[in-house]
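Below, subunit A partners subunit B and then partners subunit C, in two separate complexes.
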Partner chain A sequence: MSSATVAASSRAPGRGPNRIGQVFRSDGFARFASYVFLLVLWQLLSLYEERFPPPAEVFGFLWTEVTGGSHGGVVRGEFWEHFAATLPRFTIGIAISMLLGVLTGVLIGGSKAAEALLKDTLLMLVALPAIIWAFLTQMWLGLGDYAVVITTFLSAFPFVAVNVVQGIQAVPRDLRRMSGAFHIAGYRRLRHLLLPAVAGYLFAGLRFAVIIGWNAVLLGEWFSSSEGVGWRSRYWYDANRYQGFVAWVVAFIAFIVLLDRLVLVRLQRRAFRWRDAQLSDMERQADEIDVGVTGA
Partner chain B sequence: MATLQVEHLRKTFPAIERGSGPTTAIDDLTFEIGGHVFVSVVGPSGCGKSTLLNIVSGIETATRGSVTVSQDGRPARLGYVFQEPRLLPWRTVDQNMRYVLDGDDVRSRVEEYLRMVGLRDSGDKFPGQLSGGMQQRVGIARAFAVEPDLLLMDEPFSHLDAITARSLREQLQAIWTEAKKTVLFVTHDIAEAVQLSNRVLILAPGGRLYADVPIDLPYPRRASDHDVAMAQAELLGRFETMQEEADAADVTDVAS
Partner chain C sequence: MSGIPAAPAVRAEERLSLATRRRVRGVAGFVVGVGGFLVIWALLSRFVFGEFTLPPPAEVGRIMWEILVTGEFFQQFVPTILRLAYGFGLALLIGFPIGYLMGTSRWWRAFFHDMVMVAGSIPGVTYAVLALVVLGISIWGPVLSVGLVAMPYVAINVAEGLDSVDRKLVQMSDTFGRGRATIVRNVQVPSVAPFAFAGVRLSFALAWKVEQLTEVFGSSSGIGFQIRHEFEDFSIPGMLAWVLLFIVFMILLERFVLTRLERHLFRWRPEDRP
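Let's turn to the complex of A and B:
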């Protein structure tokens, strides 16, 4: 009973005279305020430094990249074309990272020998910045998709693997012994015990991979491509059009923030349904304890 | 139903600290059980009760002697109920049952055994949505559902409150009577052992078999039954005598 009372009282702080105060204290407002703050800071910086173009100019440039028009010479709207070139490279790079990252992680997490053999190498890979891979792949493979995809993969993969290793080592011992006592092994154990236990770490790994991989794909394109988001940023940078360069920086930051908020956070919530069900059911659980005892 | 044969079983653990000798958990233990019986192993903590279960289930190996579980020539199937429910928190009750089951009749078995423990309608709940007692009932249903030749239970009610534990003890008798399994039940609670078992094995400190006591009372047995209470008092008396003897032996050990 006491747990139900606690849940009820913590759920009802909304009533009262302080409605406006609540809006100001909400997460949405805080996020909005942080964007406004950044814009103001940006505007102020641009007043003192002419190579730091003001927000209005940058967003104007971005608009022309999307719709076509004049950057001082007439251009087509090429915005979506470059995104269309980058996205497959990014997606393939991340997919390979996840696949090999999970396999490597399971291997290292599950076997002492594999851990001794591979863990230091993995840490070295984590420490290598994406730009090293961008240079190396350009030297090895020249211009084209391969260099970009491999840069993305090599940069993102170790973060997935490291997180999976940690997840595997955190699988509850009690549940491992239970599975052992019932002789559960192989695929069934992987699917129902290991993967769900690792899911939290896997999502942390995926989010890292997406952010690192997105940086890597842009670097890869900067050096090894003639189309794509990274290449287009470099194009305007080389042309000394700073507002163009910054406009593309804004676009790819916006992309990663949206991807995180709209896709990854939702996926994560889905994977942790069992935890939410538990929370939302607190009150009913308190009732069921009573029923369980009297009904038995 | 299987036969469990334990012959001259000995288990020692290497010294944890330098200077102290190895610890003996089980010492020259011999007994045999089989058929539709409910056998409890009781003893003071540290006398190797859980170690015995671990050896029977193959999690640990014997230092000397042998443990054989036989079932007309084929390998015997074991079921296990732990102190804690040990359910997968990210799987529903149904899925937890299916995790350990194989065959074409999985669905009907899940239904049958959940009904037996009174949780027919909780199949789609996650363990976190159930009370501790309900979770332990799922653990019991899971162990019975594998239709084991030998069911091992390791103090399954020791983490529950007294009221829940009492009602589960009564349910367990009903399930055992219906499902006709060979059960090896470990507990430190003598009253519980007497209420549930046909036969109680008392282990002394150091893991020797001190007494092998049949309990010939009809089921179902309630804790409040006069005969059950009498048997409990008698066994408790023997248990205390054993502990006094053990303490006296300790004193002579120190003196010599």
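Let's turn to the complex of A and C:
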């Protein structure tokens, strides 16, 4: 946090030194207020548009779905079995995209000829929306696991490759030359020069693969599956039970946000410590979300 | 001595040839890159997948040409691009004040922190179908999803930009008795505008992907609708033709319009020029 921002907030008028005021001014209260604000906004939206279900209905539905209660009649809640169907597809898709992405990235980053020949193809793949892969794989393979897994890794791997290329190009040239001049052994060069430089980019690549792959797996299941979380949300959508669809949207967002904020961002931050130590909080956060879009 | 005046002339000539050489190299790189893309595609189509599964570039190219010359492309491209523009307008309208609050007050920063951070990892398909649920099949669905996708990037970049506003300039304005409104209008907003635009450019690629998706789900015109139409006709070449044309136009737009506009907005502070 910069000094200017702090100064601006402490200069704000009309704020006494009492303790209640302090509670209201705290960051924790601000975050709490933001969630209350979102819920109120959601409630108002549902009043305005009756197709859009209010929060209470959605969380009630989610609860029935998670606990396997009755949705009225014989239709019972299903939750964990769909996550159990989706997670293997997602994990395999991400694993293949990491493998393929690292191979492509090393090829393009390591050779000038490969870069000239393949870079534009890679940019084209980055620009291709996941929906195209979802449609193509459905037409190629019909319903089933393959279509979903292939949609996931085809959508995610170009982002891994772009990051690996950047990581390789970010290895300081001076250090590379110096280690050559001092005859540093290949293993030590890998351990102390290449890996630390590339690791951050690799984790950044993993992060995008996960975020983009999650969207792709949902799309793949929406169009070419008969089980899994994406299919289940479509099931409620097609049944015109929008509270069911929105309940699943809440679950999708909760899943990816927990994975991203609790695991991936921390890994990325740790691996980039050497580079970002000078940055302010604001710059680092801006980088983290900016980077998500460009895949850079 | 004649050698001294001659030297700069030689150097200028060298510089000229260097620029030409660079341009030639740029064109050659482009030809090799696009050629590489087409060759890889043709080989995959011929030997790996078969021409039915992955139609060869010539066939897709023919359809692209047809779509272009019949004027059908522009008929669909115009609504898509207009929605994108409206969506970014919405993103700026909401994102700018949020970014301003985040950049100037610690409380508001904490307030918006989670929303802005979380927004980047929300899957695009949820925006697309939610827009459909809330708005039905309408032109405002894509606008809303573009706005929601781009808004956090605008906000965080504005907040970051405010951090970099020349403090001495603000202090001086304060010393000379300018009111807060004047400072905001004449110092802070002009310094931050380019950062808001940077947010637009950064989120551009993501935003048009989500827009396509929204059009696939709930629209009756636009490129995404055409892609869905071809999918329902089971026409792989038609689908590829639409999406490739769109990508080419979007990349051209990004390279030649947005990037230049951004450089133009940032021209007074060369240290931040992208």
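Keep this in mind: the second predicted complex is superposed on the first by the 217 of 296 C-alpha atoms of A that agree within 3 Å, B and C clash if a C-alpha of one lies under 4 Å from a C-alpha of the other, contacts with A are read in each partner's own complex, and residues count from 1 in each chain.
In this section, contacts are C-beta pairs under 8 Å (C-beta built on N, C-alpha and C of every residue); 3 or more make two chains touch, one makes a residue touch a chain.
All values reported here derive from a predicted model rather than from experimental measurement.
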- prompt: Now for A:L41: first (subunit B), second (subunit C), both, or neither, which partner does it touch?
  reply: neither
- request: May I ask you to decide whether A:V249 touches subunit B, subunit C, both, or neither, giving the answer as first, second, both or neither?
  value: second
Query: Thinking of the overlay built on chain A, is A:D174 touched by subunit B (first), by subunit C (second), by both, or by neither?
result: first
- prompt: Which partner does A:W274 reach: the first (subunit B), the second (subunit C), both, or neither?
  reply: first
Query: Between subunit B (first) and subunit C (second), which does A:F182 come into contact with in this model arrangement: first, second, both, or neither?
result: first
Partner chain in contact with A:A56 - subunit B first, subunit C second, else both or neither: neither
- line: subunit A contact check, subunit B vs subunit C, more residues touched by chain C
Message: Contact-wise, after the overlay, does A:L193 reach subunit B, subunit C, both or neither (first, second, both, neither)?
response: first
- prompt: Shared contact residues on subunit A for subunit B and subunit C?
  reply: 285, 288-289, 292-293
- line: Seen from subunit C, its contact residues with subunit A in the complex are 29-30, 32-34, 36-37, 40, 53, 103-126, 129-130, 133-136, 152-153, 156-157, 159-160, 163, 167, 202-203, 205-206, 209, 212-213, 216, 224, 227, 231, 234, 236, 239-240, 243, 247, 250-251
Field: Parts of subunit B lying in touch with subunit A, wherever the complex brings them together
entry: 57, 59, 78-80, 82, 84, 86, 88-91, 95, 99-100, 118, 126, 128-131, 133-134, 146, 163-164, 167-168, 170-171
- request: Provide the residue numbers of subunit A that touch subunit C in the complex, in ascending order.
  value: 1-2, 4-6, 8-9, 12, 25, 27-28, 30-31, 33-35, 37-38, 45, 49, 51-52, 116-121, 123-124, 126-132, 135-136, 139-140, 211, 214-215, 218-219, 222, 230, 233, 237, 242, 245-246, 249, 252-253, 256-257, 260-261, 280, 282-283, 285-286, 288-290, 292-294
Statement: Note: in the complex, subunit A contacts subunit B through residues 174-175, 177-178, 180-182, 184, 188, 192-193, 196-197, 199, 274-275, 277-278, 281, 284-285, 288-289, 292-293, 295-296
